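Next come two complexes built around chain A: one with chain B, the other with chain C.
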Partner chain A sequence: MKKLLEISLGIVTSVGGFLEVGSMATAAQAGAAFRFQLIWAVLLGTICIIFLVEMAGRFAAVSHHTIADGIRERFGFTAFLWPLLATLLVNFMVMAAEIGGVAIALELATGIGFQWWALPVAFLAWLFLWKGTFGFIEKGVSILGLVTLCFVVGAVMLKPDWGQVAAGAVPTLPEHDAANYWFMAVSILGASVSPYLFMFYSSGAIEDQWDKSYLGTNRAIAGLGMSFGGTISIGVLIVAALVLAAHGIEQVDDYHQLPLMLIQIFGFWGFVLFVASLGIACFGAALEIGLQQAYLVAQGFGWTWGEDLKPRDDPGFSTVYTVSLFLAAIPIALGLDPLKLTIFSMALTAASLPLTVVPFLFLLNDERYVGEHRNGMIANAAVIFIIALGFVLAIVTIPLQIFAGT
Partner chain B sequence: MDLLRDILDKQVVDREQVKIGKVDGLVAEVRPGKPPKIVAVELGSITLARRLGERSGRWMARLAARLGGKRHAEPHRIAWTKVRDIGVDIEFDIDVRETAIFDWQDWLRDHVIRRIPGAG
Partner chain C sequence: MAATLQARIVDAIAAFGLRPDRLCLLLTTFVLTACSPSDQIEQQSKTAASAAQTASLVLGAWAAGAAPSTYTSRTLQSVGKALVDAGAQIQSAKSPEPSEQAGLTAVVGQLSAAVTRAATAVQDGNRSEAEQAQQDIQAATAALNASYAKHFAPKP
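After this line comes the complex of A and B, so read on.
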């Protein structure tokens, strides 16, 4: 019974981590521009992240190391610097995008411009981290995050042609705007396969003191939780395809177009649901990324860390999340367009993947860390596939960025 | 035991299990006709900067001396004889409060963190 509760809690939590500004914005854009044709990218991204999250959890449960600890120890400090710096930078941009998402939700709700909300949002997020415990953040944010299920309900209520939806699960070549199509595919993959997700997950496993008895729980949470998150993304895509395209919106270039998706279905409450979904999902992600920045630095340099400690007992750790949150609020406070920033940072995330995923191939096959629980053939094939995909994405992102424009 | 593989970059804890840093460097004594013997581990930014190159090492040592005074002009060393246990972490029989390793975190706590309400 306790395990069952833990699994369901874990699933809800991973939805909180999965669905954030990146997956919402990219899925909405893809649906509006290409109807169901990019569903395959959401599926592919979801499958990749299931594998990586399962491995991150297994590594932590068996070796009692987080992924960051493992990379530093196994590859040495000079090699560790590259993924460290790349992840810090990507996380900084994604966190700014999440703060922007909350700020947009508040602008929609109040009419006060988003840039005025950036610092208050960062302050509130900081207050949660400063006063909260890991369990409080994990549970509170993720249970509220269930509001995003309204997209799945909406998708079903719109009665899409499920045959066409299923056809979108198979990759096909676009009939128009090929550069834009591929750029969106890359952004969707970046939004689903975020390094912060699996690195955060391994830190969470250590915070929750997992050991080998959690391997089954880990597998269930990784598989079901990420699929659940992917389902909501597909819900967003379907709603965008049916509502936005029907209103002649093929190019989502402004967040103000997005509430229409749910207003069409639920009327005024659709507006409320959209604002709540965007605000809560992005706020939860901002908290997780803020913590992840602190985990990464503290684990990389061996400082005392833990969200359950009082800030005075881990001054280095709490300083990192404090500084990162306020730095990330600055671009939004200066008026940088959150939607542009989101799409750009998702593509950059995809390009940074090889740096954080290549170590998985070594860590999860090293008996000194995972003993008999090392990767099987399928898991290794998945990692190699993700690395290859990551390299392709890293190479194509920049030209696509230029030709597709954001 | 392969020292570079098994010791370098490992998490260091003191006897109270406080995480105090990573094994950033190893100090070995070269003995004629015998394999080198490990005498201490080094921790801290100067050692890390030295791993990136001689120049960054010198630069970091100057910076550390300017910010922290003489006590911080050299990397922190812990004698190898103090090793108590090597497992997930490597435990040394020391108390971090008696070393200079946490000086910067103590400064941060006393001058910044503690002044913010709710720091505990």
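After this line comes the complex of A and C, so read on.
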């Protein structure tokens, strides 16, 4: 019964924590520009993240190491430095985008420009991390994030042609704007297969003191939680296709366009639901990324770490999330467009994938860490596929970034 | 444009093989060569059309009491800026059909002016002026679509 409760809570946490500014913005842009045609990218990203999250959780439960710990110990600090720097940089940009997402939600709610909200949001996030516990951060904010299910409700209420939706699950070549189509596909993959998701998950498993008895729980949370989370992203895409594209809005390059998706379905409450979804989802993600930055550096340098410890007991860890949050708020406070930053950072996330995913192939096959629970053929094939996909994305991202003009 | 691009990619990949360095070089070449004035005008016309539809949709929601005034007004201001930018970019493109280009620029200018009027009307809570501005936006959007079709119609 206790395990069932933990699984349910884990799934709810994954669902509530799945949607953030990246997945929301990329799905909305894709739906507006290409209707259901890019659903396959969301599905592919979701399948990839299910595999990576399951492996990260299994590695932590069996070896009692986080992924970052494992990379440093197995390959040495010099080899660890590259994924560390790449992940820190990408996380920094994604965190800035998430702070921007909360700031936009506050601008929509109050009419005060988003720039003015960046530092207060960073301060509030810092306060949560400074005073809160891991359980509070992980479960409290994620459960509030269930408000994002309004996109799924909205998609069902719009009564889409489910045959066409299903057809979108099969990759097809675009009939127009090929560069933009592939750039959107890359950005969706970047938003779905974000390194902070699986790295945070492995640190969370250590914080929650998982052991081998959690392997089934881990599988259920990774599979069901991420699948339901992906469903919300598809919900956003469907709503964007049936509201924005149907009204002739094929380009979403201004965040003011986004609330119209729900306003058309729920009226004024749609506006409220959108503001709440964006604010809560992005705030939750900003907290998780702030923690993830601190986990990465602390684990990389062998410092004491843990969100459940008092800041005076892990000063390095607390300093990293403090500095990260305030630095990430600066670009938004200076007026950088959060939507443009989001799309750009999602594409770079996709490009950085090989650096963070290649170590999985070694760590999850090393008996010294995972013993009999090492990867099987399917899991290894999945990792090799993700690495290959990551290399292709790394090569095409920058030219597409310029060519698509986003 | 998309079909041409795909054909170019497929042909070139077949000719060069799939070596990543060559593929990257190829893509970079596309980046540097593919943005013609016509592409620029097409892209900016689409941006203007999306912006105009956004203005119509948000004004409709505001009139129905579904969108707050502050949000509506800010959205219209932002759309107005996007239209000014689009108009400037259409005007600066070196098109082989200057008269049609001028027609597109003028229509985008009308749209921008109507959206600015709508933003002011929403700010002032003036419903009749907002309704009038919305009608102007719809008329200008229809004119934009006509100009776009004329500019990109197949030439004999």
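Following the convention adopted for this analysis, the second predicted complex is superposed on the first by the 404 of 406 C-alpha atoms of A that agree within 3 Å, B and C clash if a C-alpha of one lies under 4 Å from a C-alpha of the other, contacts with A are read in each partner's own complex, and residues count from 1 in each chain.
Definition applied: a contact is a pair of C-beta atoms (placed from the backbone, for glycine too) under 8 Å apart; a residue touches a chain by one contact, two chains touch by 3 or more.
Predicted, not measured: the structure shown is a model, and the values here were computed from it.
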Should the pairing of chain B and chain C on chain A count as a clash or a fit in the superposition?
fit
After the superposition on A, what does A:Q264 contact: first (chain B), second (chain C), both or neither?
second
When the two structures are overlaid on chain A, which partner does A:F123 contact: first (chain B), second (chain C), both, or neither?
neither
If you tally the residues of chain A touched by each partner, is the higher count for chain B or for chain C?
C
Counting only touches as set out at the top, which of chain B and chain C does A:F326 meet: first, second, both, neither?
neither
Return, as a multiple of 10 degrees, the angle whose vertex is the Cα centre of chain A and whose sides reach the Cα centres of chain B and chain C.
130
Could you look at A:F77 and tell me whether it touches chain B, chain C, both or neither (first, second, both, neither)?
first
A:W40 in the overlay: touching chain B, chain C, both, or neither? Say first, second, both or neither.
neither
Of the partners chain B and chain C, which touch A:P174 in the superposed model: first, second, both, neither?
second
In the superposition on the shared chain, how near does any CA atom of chain B get to one of chain C? Answer in angstrom.
29
For chain A, which residues belong to both interfaces, chain B and chain C?
none
Sites on chain C touched by chain A in the complex:
1-3, 5-6, 9, 20, 23-24, 27-28, 30-31, 34-35, 43, 46-47, 49-51, 53-54, 56-58, 61, 64-68, 70-71, 74-75, 78-79, 82
Chain A partner contacts - residues on chain B that touch it in the complex
8-12, 18-22, 24, 43, 48, 51-52, 88, 104-106, 108-109, 112-114, 116, 118-120
Spell out the residues on chain A that touch chain C in their complex, using ranges where they run on.
107-108, 110-111, 173-179, 181, 247-254, 256-257, 259-260, 263-264, 267-268, 270-271, 391, 395-396, 399-400, 402-403, 405
Using the touch definition up top, name the residues of chain A that touch chain B in the complex.
63-65, 69, 72-73, 76-78, 80-81, 130-131, 301-305, 310-313, 315-316, 318-319
